[in-house]
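Chain nomenclature is as follows: A, B, C and D, assigned in order of appearance, with residue numbering initiated at 1 for each chain independently.
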């Protein structure tokens, strides 16, 4: 596979004023162009923290102690705000989780789709409009012109998610981060949206980091996958190995927790306590080696 | 040379913001003979002979700039021919005779005739027009005109009739013009025969006057006069200090002292025909006790009040007559003697430990330091054995209480009397049946009654002097002091102070 | 708004005006001191006083006076002012433009200052800047508007005489205006020299009125801006590469304004109420200045006229705020 | 990359500073007699407008100087805390009780009660507050009680509107229906369910209202309508000091500073409470 476009290298993140808890512990993920990389973990494991780190918009209460996020080889932390924004604006896009709150209620869809194209990518208004309308067709929206002129409250949840997907691909980014894009939708619409994202990704050849807590989704569209527990990537392999021979006890437990048609009675088994115990040993062991790392990080520009 | 505020703004913009107030004075006046006066009250209405503003002493100055009175008054209060050149009663006091000035024109160019005088007098006498001084004008009637002489019958002899022709509502209005345009038309565009013509009037803002070229008393000095209505004293001070206006008056005495020495400014003060007094009301039994009254009177150090609170700008008085008034009697003296006051009070069983108690009412902010003066007097009374509780009211409530004879035992008030006649001070203030009187007692009614119709002027004045002496001995009222009016003006002009307190534009000359 | 809602709204307006009319009518008559007492000459006899009272119709019972007055008001005649001897309608509507111009100038200043402060605090929230803005709000709200006026007079009127202290326009100027809306008309007639002169007179009173309103706007707008900045669409905008300031201005501001409108509307009515004192301090010939004299002289018809006109303005402002509320967020517009 | 650090401690400073000044006021009001060096009413026309102690020409014992009647300014400021607190507390309580009661009734019962009370609020909101208070004090005569009544009569609408909105919102909540099902009387529901949720908003409004009450008293004193005895209030001291601000600035400045700090303390105390009650502030 060609050189990875996104390279997160041993990224560690901590609450600025909170306790010693780590939000991310030396997480490393690489996504090559055209690759769909799944990021799986229970909610609160730090999935969306990684997503925000990629765009360099970590919340104020959080600080990076170590690691790098490279987009196309450039480490975001070495850039000034302006340079970082330009790099992210051109190369990366986000498909948000909840379409109901992800669109500005007082602006028409047109304004929200074309603002990045004209202001960041420098397209002319006409080019931006054409591309946006094209994308709306590509995401199978029946009357693109009407939707283009309407306000968010006039569209259904599914329609809005399609608009967001179209908006993300419209910028022709080299990386898209899909943050549980189907969780907020009802089941029937979920399948269509998943199929849509997968097709669009193949057609545009963008690197896709797919954040989810649903292993079924990973099986369908991801090539590689990382399993995240309490900020640490406990396993990172290709999808086939993950489902056939999961290396880490936690991954196996996750597998067991996923309801299966063929063996309904086994499903919903909670993760066994000894697995949790082993996991916390493993994590505690990695925490203390960072005592010296913290000093080194002191000088870094957060 | 900076000529107008806009240049100052441009300069300000270019960083020359350190302009001191002093520099600005020279500029304010240079605009070709325009005089700007910061006046202390709003002018409510242009009809000088009708409605509440006709009896409001503070705006008579504006009326006297635009209208002429039957009989004029000099700044020293002495009378001088106005639109009537000669006037008098027949020997038997049954008829009156007036000679009318010739060659006078109204501001709209139409000629002034004796008819205007007759019409104005009849209008003032008619109760339906609402002239507040109707009781004077209704004492004459059956007015006839022969060439330039007017004769009329005297229904009831009033020795002060002709003095009233120089006082409140004593103005001549244009008969033809008024009947043509009606009351509202006249309000919108008033005309008179006076030294200044009304060019533009913005209610609550300003009135712009133009000099009347053919005024019978000679064209006034300034071509244009702006009278700005600035009711707030501190704003008036700011107006003169920043050079926006050249003349202002009735400002706090402290500010007058501060500014009169400043470069480009001059100050002049004049005692005026307005006195401060405390009404005593004979309703509450405590006030019927002569010892309490005399105790209260002798406890007040009027000199100290004037020196400390009014910075010396005031003339202590012991009767309701000011020195300039006709019936002023310097021999009547009321001493400041706290011990005597204590003795009087003790005689009725009062002492600082067991004080006499009553309420004293006063306005607050209506006259200079009115509230502070009463607080000071209450302080002085506290030392001799009187515990007075202060109650503040506004001037409207004062008038209502006075006419209902429901004033508190003591009530502070100021009494204006620009014609200086004893009848319009002691007369109306102390004569029982008058609505303005607070001390309604038979002895005073008996003493003042006959003086109303007394034809012999010398006897009348002597009679009032005797009444004033009696009032002082009985302590029926507490005269305090005569007000002194501070006038502040730019050195580029010269102001002749006016004893009546009216600020007349025609009394201001370029320096 | 649907027709039925409009009708209900109109009926409630009429009830409101009727209520205000009753309250002010009774209040001024219960107040001690009446206009007749103010103008009785020294020698007037009780009969003269009775004549005067009858002349002004004050001898009848309060309910009867109210009915007569109401009869006239319905025909647009608010009676004749006792002290000004002019029709109240004419006087009051003559002075209204001056107060409206001053109030809206103050509103504009308040929106600019308040808005700027809010955006500043929201952009650098949680920092010393926000603390500074909070302090400014606290101070601007803790000093009554007339004391601000007093400070401005001493500062910009006397010490550095760049503004005029009293009045609305320099009296010596020849004013070509037809209406009483001097400021607006001076702009429309492109007479910017007059506009400058008018502003020279109006800026200080307007600033005195504007500061408390600016503090309220800044406080409320800041809070709702901070909330909006945590919305998802603001996050999306940041991922698109837009700067924090751009997100604040283009994404957050419009959505933050609507919730603060109603409070700003109410505070604006307090600003108009405040003109009573500030206009007196600056001798600015608006409704407020007129009102003080009316109360001092117990000019009953004039007080009633002024209070009713203030009621019209207040109701008008509340109505305008509701309309803006609908206009600003599309969801309601299509409702 | 990330914004500068938030100042978490700042939020509580505002609350405690406000509370400290208010406590100081209460202390001064209660022990006014003992604290003030001179009798607040004692006049000595010989000691007029003495400058504060640290300026030349000062008189020992008169720390903040004297006014135009030679009265000690410090003592008068201390005594003035009494009318200030009385007006602030009584007027705000009256406005709060009256307004909240009506608001609760209107919000909770709706229907005719709501319509009548809303009309009442509209009528009161249509009055120019300053003009109405001037008229009210003119009717009732200038005294502390009339100032209090004027403020309460004008400002009850603030509480009514907030409580009504809150009560309407609560009424639609499920827990109110469930309480009704459980057979609680409407009064018990209002008191036990609705009121606690409305309380934070009321407390904050109450604190802001105390600041507003002090300002209104100052406005009324400016037009010479506040209390009539020569007992001092900050407003009347400011009005007295205005005329001689160039000669004796301290007569105006010290009461003005007290007024300003008091109103600021009330508003910051209110803001601090608001933040304490809804910790959602990021």
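The definition used in the following text is that a residue touches a chain if its C-beta (ideal position, glycine included) is under 8 Å from a C-beta of that chain, and two chains touch if they have at least 3 such contacts.
What you are looking at is a predicted structure, and each value in this text was computed from that prediction instead of being measured.
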item: Lowest number of touching-chain links that must be crossed from chain A to chain B; value: 2
item: Touching chain A and also chain D, the following chains; value: C
item: Chain whose average C-alpha position is farthest from chain B's own; value: A
item: Centrality ranking, top chain (CA atoms only); value: C
item: Pair of chains ranked first by number of touching C-beta pairs; value: B-C
item: Chain centre separation in whole Å, for chain C relative to chain A (CA means); value: 53
item: Centre distance in Å when chain B and chain C are each reduced to the mean of their C-alpha atoms; value: 36
item: Chain centre separation in whole Å, for chain D relative to chain B (CA means); value: 42
item: Intercentroid distance (Cα basis), chain D paired with chain C, Å; value: 23
item: Multi-partner residues of chain C (each touching 2 or more other chains); value: 32-33, 126, 150, 154, 280, 292
item: Residues of chain B whose C-beta touches two or more other chains; value: 234, 393-394, 397
item: Residue list for chain D, restricted to those that touch at least two other chains; value: 3, 5-6, 138, 141, 242, 245
item: In the complex, chain B residues that touch chain C; value: 5-6, 8-9, 12, 17, 19, 21, 24, 31, 34, 36, 38, 42, 44-45, 47, 50-55, 127-128, 130, 132-136, 168, 183-184, 187, 200, 202-206, 208, 224, 226, 228-232, 234-235, 238-239, 241-244, 393-403, 424, 427-428, 433-436
item: Residues of chain C that touch chain D when the two form their complex; value: 12, 15-17, 19-20, 23-24, 27-28, 30-33, 124-128, 131, 134, 138-139, 141-144, 146-147, 150, 154, 226, 230, 244, 266, 269-270, 272-274, 276-277, 280, 291-292, 295, 303, 306-307, 310-311, 314-315, 318
item: Parts of chain B lying in touch with chain D, wherever the complex brings them together; value: 233-234, 252, 254-255, 258, 304, 308-309, 364-365, 369, 371-372, 375-376, 378-379, 389-394, 397
item: For the chain C and chain A complex, residues of the former touching the latter; value: 126, 231-233, 235-243, 250-251, 254-255, 258, 328-331, 334
item: Chain A - residues contacting chain C, complex; value: 55, 57, 60, 81-82, 85-86, 88-90, 92-94, 96, 98, 101-107, 112, 115-116, 119-120, 151, 153-154, 164, 171
